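All chains are identified by letter, namely A, B and C, in their written order; residue positions are counted from 1 within each chain.
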Amino acid sequence: MGEESRPDDSARPVTTLRIGDASSFGDNQWWSNRDWHQLVADGFGADVACDAGTVGELAIAAISVRGHKHRVDGLPNEDSFAIRVAKSKVGEEFVVLVLCDGLSSATHSAFAARRTSSLVADMLRRIIADDAFTMQALSYGLSQCLREFVVPELTTWSSPATALSLPAYGVPSVESSNVQPSELLVTLTIAIVPTTNGEKGASDVLLGTIGDSPAYVLLKNGDWLKPSYGEQDDGVLTTATAAFPKTTDIAVTQIILYEGDCLCLMSDGVGNFIQNKSGQLRLGKHLAEVWKTPRDIPTLVRDVSFDLRSADDDRTVILCWTDREAEDTEITDETEVS
Amino acid sequence: MSETATGENILPFYIVCDESGSMEGIGGIDAINSGLPELHSTIASDPLVSDKCRIGLISFSDIAEELLPLSRATDIPAMPGVQAKGVTNYGEAFTLLRYLIDRDIDALKSQGYQVFRPAVFFITDGEPTDDQTWEPTYRSLIDKNSNRRAPNVIAFGVNGANATTIGKIGTVGAFIASSGINPGNALKEILRSLTNSIVSSSSSSTPQLVVPAAPDGCTSVPLQTV
Amino acid sequence: MQNSPSSSPGSNRNSRILLTGAFGAAGGLVGALLGEIQFLDDEYRFFPDNIHLGAGVWFMLAMVGVAIALAATESVLQKNTEKLSAHLPLALAAGLGGGFVAGIIAQFVYGDVIGESNPRLARVIGWAIAGALGGLAVGFSFRSNTRIRNGALGGLGGGAIGGILFDPIAEAVGGDSAVGARIVALIAIGVAIGLLMGLLDAVSTNFSIEVLSREGAPRVIPLFDQVSIVGCARNVAVTLSRDPLIKEHHLRLTRTPQGLRVDSMQGASTFTLNGVPTSSGTATVGSLIVVGNTSLRIAGRSGGPTMPQVAPNPAPQQTSYVQPQDHRPTTAPSTPPAARPARPTIQMKPKK
């Protein structure tokens, strides 16, 4: 009788993706007695959240990582995302991508991010399934839909009768009537993407945003394209300092996504380090190279967990690859990006 | 091979400290020199703050001196302390500040950092001895139209400082020690207050200067234009 | 908070001068005793028939003692015995050669030029030349142009003073034998040479380096030359031999009008200047340099700053810095601008 075979644990632990000089957190083990990575007492810490899968011709991966600022303070991840697949009445299939980033100044922004992303994604799925749905109609009516459907649901909840009846969203333990909208502020970024590429490999994609969480298109040549947003139906351009639900005026635009492009929704914890007025930053340059094609999930988590000084905010990305026929790429152990 | 910028965020803080002869008599020199290690320790031991902020120390009396160039707290093993000297020339301090801010921001940007608007904590125990001449220098420092790197200034006055003058110097906050408060103790509280300001400002995900509450023994002074 | 105050630079300077004088005295004693080897019944042991060569041997033995003793002062002042092995061989060789030549010249001046007409003057000239060449030898052992100059001048002056005192001392010591007089006189010559060299060294430095230590007062090392090297090599101006992170030639310190320019040398790691990591920068009095595990502080010569105090780094291209205005207050400052003690250095607490 031979010896029992043991799982192969010979692989080295995952090494950090370091951008520039190591931060103070760079070499810190999360379990160290420095207590720089504290558990969230009320739960919903969401240190690492991930959804990934294929739909139609698309490969989708969403990763959210709790930032150092919240880990040090024992607070939950204030980013959240939601992904739904929707079918229109005429049989077109879309994927709905929603990303929310709670404002630090808002007391219940973590809850607001979770709740808003879920509410908006569900609302968009219902709208897509409606008879009257067209992309154009949606782009005109989106602000109104947010005002009429999402805001009331976000700002009201039943107070739990007992501690055991808390809803799954970790709703605040105070009466909703005692919570001001300013305590629920989040940025909101949405994308509605057809799951099959259109003629000549091009698809019409609807993008919408309130606040400063950017959406990028990563082109095949490695450039990050930041779409510009047009005026609202009331003629007011949304500013980056706006937040939902204080404002429901969402800036919308339609872009064309070509086969081989990758649509990237990001919170500013990542977006701020992609590029600036002078051009691509080091992280942006690296991600432009490695995110051209889908990667395995642990590596994507590692990418989003990059170590960069002063990058202490929560990080969330939703990646939508339009070309799943990725070439076999060798997994390299990139530890430092020069 | 030139490296691509990382886009790391930096908040520069300049502590501008009066070291005129009168500071010795009120225990101000000792208060500052004993308070600086506390300030440093608080900032250096906070990973969120130490990675993001840079601290510089400037002293002024007859002339202004850069005692500590803008540095990351964890890179500072020691620094020159303040030492009681001559008179109180505000203009020298503002002139040096203007020069150093330009120099430092140029250097940081050339290294690929994203630099936020500098913050200046100005501490004095008396009226300016160059009272006829400091104001134009000050204006050229803080005028955002002519100086796009104009800092946010929080001014603190103890002992013989004039509340109106302190109110003129602060652009986002100004505080004066209450009469009857020991100036040395007031200075210790001021250092604690500006430490809290640095920590709060750097801890925020979107870095911005957090004006502290009035230090113990101090009251807030209305801001005035120069 | 821990302060690490050094003794004031003024007292450092004085103690350096006195120590050099003391070593000069010891060297004079050693030289005198060595020189007695050359005497046998009041005649020269070696080259008894050639007065010039005989005098050369005696001067050589006398100056070797002074040269070796003065060369040893540096390793004592820097508390670095390894520097002895760098300085002594050169001092010995140069002292032997220089002393021998000086003795021949001195005898020539004494016997052939001035002769019996003015033996005292001849003795002064002779010892001045011997002192100059001996001091030259000491300075040569330090591999420093400035110290060669100071050694030659100090030796010249000290030798001349010793030569002036030679006869009065001999008369005062008295006795039948000249041995005592020679010994005392040579000690006086050694003291004079040492004091004068020490004084010239002290006034020819604008900067010193304080090597900070947890164990006690810092070592103070004056910088004599326009360019000084910091490293672990024994033959450089500032030897840091106990720090394994420091290369043989690690930093170059160059005097400039703005201060002391500090550069990492090729192959050496960077350093921090006042807390900022860099490979080059300009330091002024009070600046703190950390290289490897060693902290160095720049001190002045007289304790007060000798260079402009604003902006230690070179000015940028833009002319946004406005020079201090001319219309400063004409009233005298409340504190007289006498020499002030150096700024305190505040040690930061270790990171938790």
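Keep this in mind: contacts are C-beta pairs under 8 Å (C-beta built on N, C-alpha and C of every residue); 3 or more make two chains touch, one makes a residue touch a chain.
These numbers were taken from a predicted model, which means no experiment stands behind them.
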| item | value |
| --- | --- |
| Closest chain to the centre of mass proxy, which here is the mean CA position | B |
| Two chains sharing the most C-beta contacts | B-C |
| Remotest chain, chain A as reference, centres from CA atoms | C |
| Length of the line joining the C-alpha centres of chain A and chain B, rounded to whole Å | 39 |
| Gap in Å, rounded to a whole number, between the CA centres of chain C and chain B | 43 |
| Separation of chain A from chain C, taking each centre as the mean of its C-alpha atoms, in whole Å | 69 |
| Multi-chain contact sites of chain A, meaning residues that touch two or more partners | none |
| Residues of chain B engaged with two or more neighbouring chains | 74 |
| Of all residues in chain B, those that touch chain C in their complex | 20-22, 33-34, 36-38, 40-41, 44-45, 61-72, 74-87, 89, 91-92, 95-96, 98-100, 102-103, 106, 129-130, 133, 137 |
| Sites on chain C touched by chain B in the complex | 1, 272-277, 286-288, 290, 295, 309-313, 315-316, 318, 320-322, 324-325, 327-329, 331, 333-335, 337, 340-341, 343-349, 351-352 |
| Chain B-touching residues of chain A, taken from the complex the two chains share | 19-20, 23-25, 28, 36, 67-69, 72, 104, 268-269, 272-273, 276, 278, 280-283, 285, 308-313, 338 |
| Residues of chain B that touch chain A when the two form their complex | 3-10, 47-48, 50-52, 74, 112, 114, 203-207 |
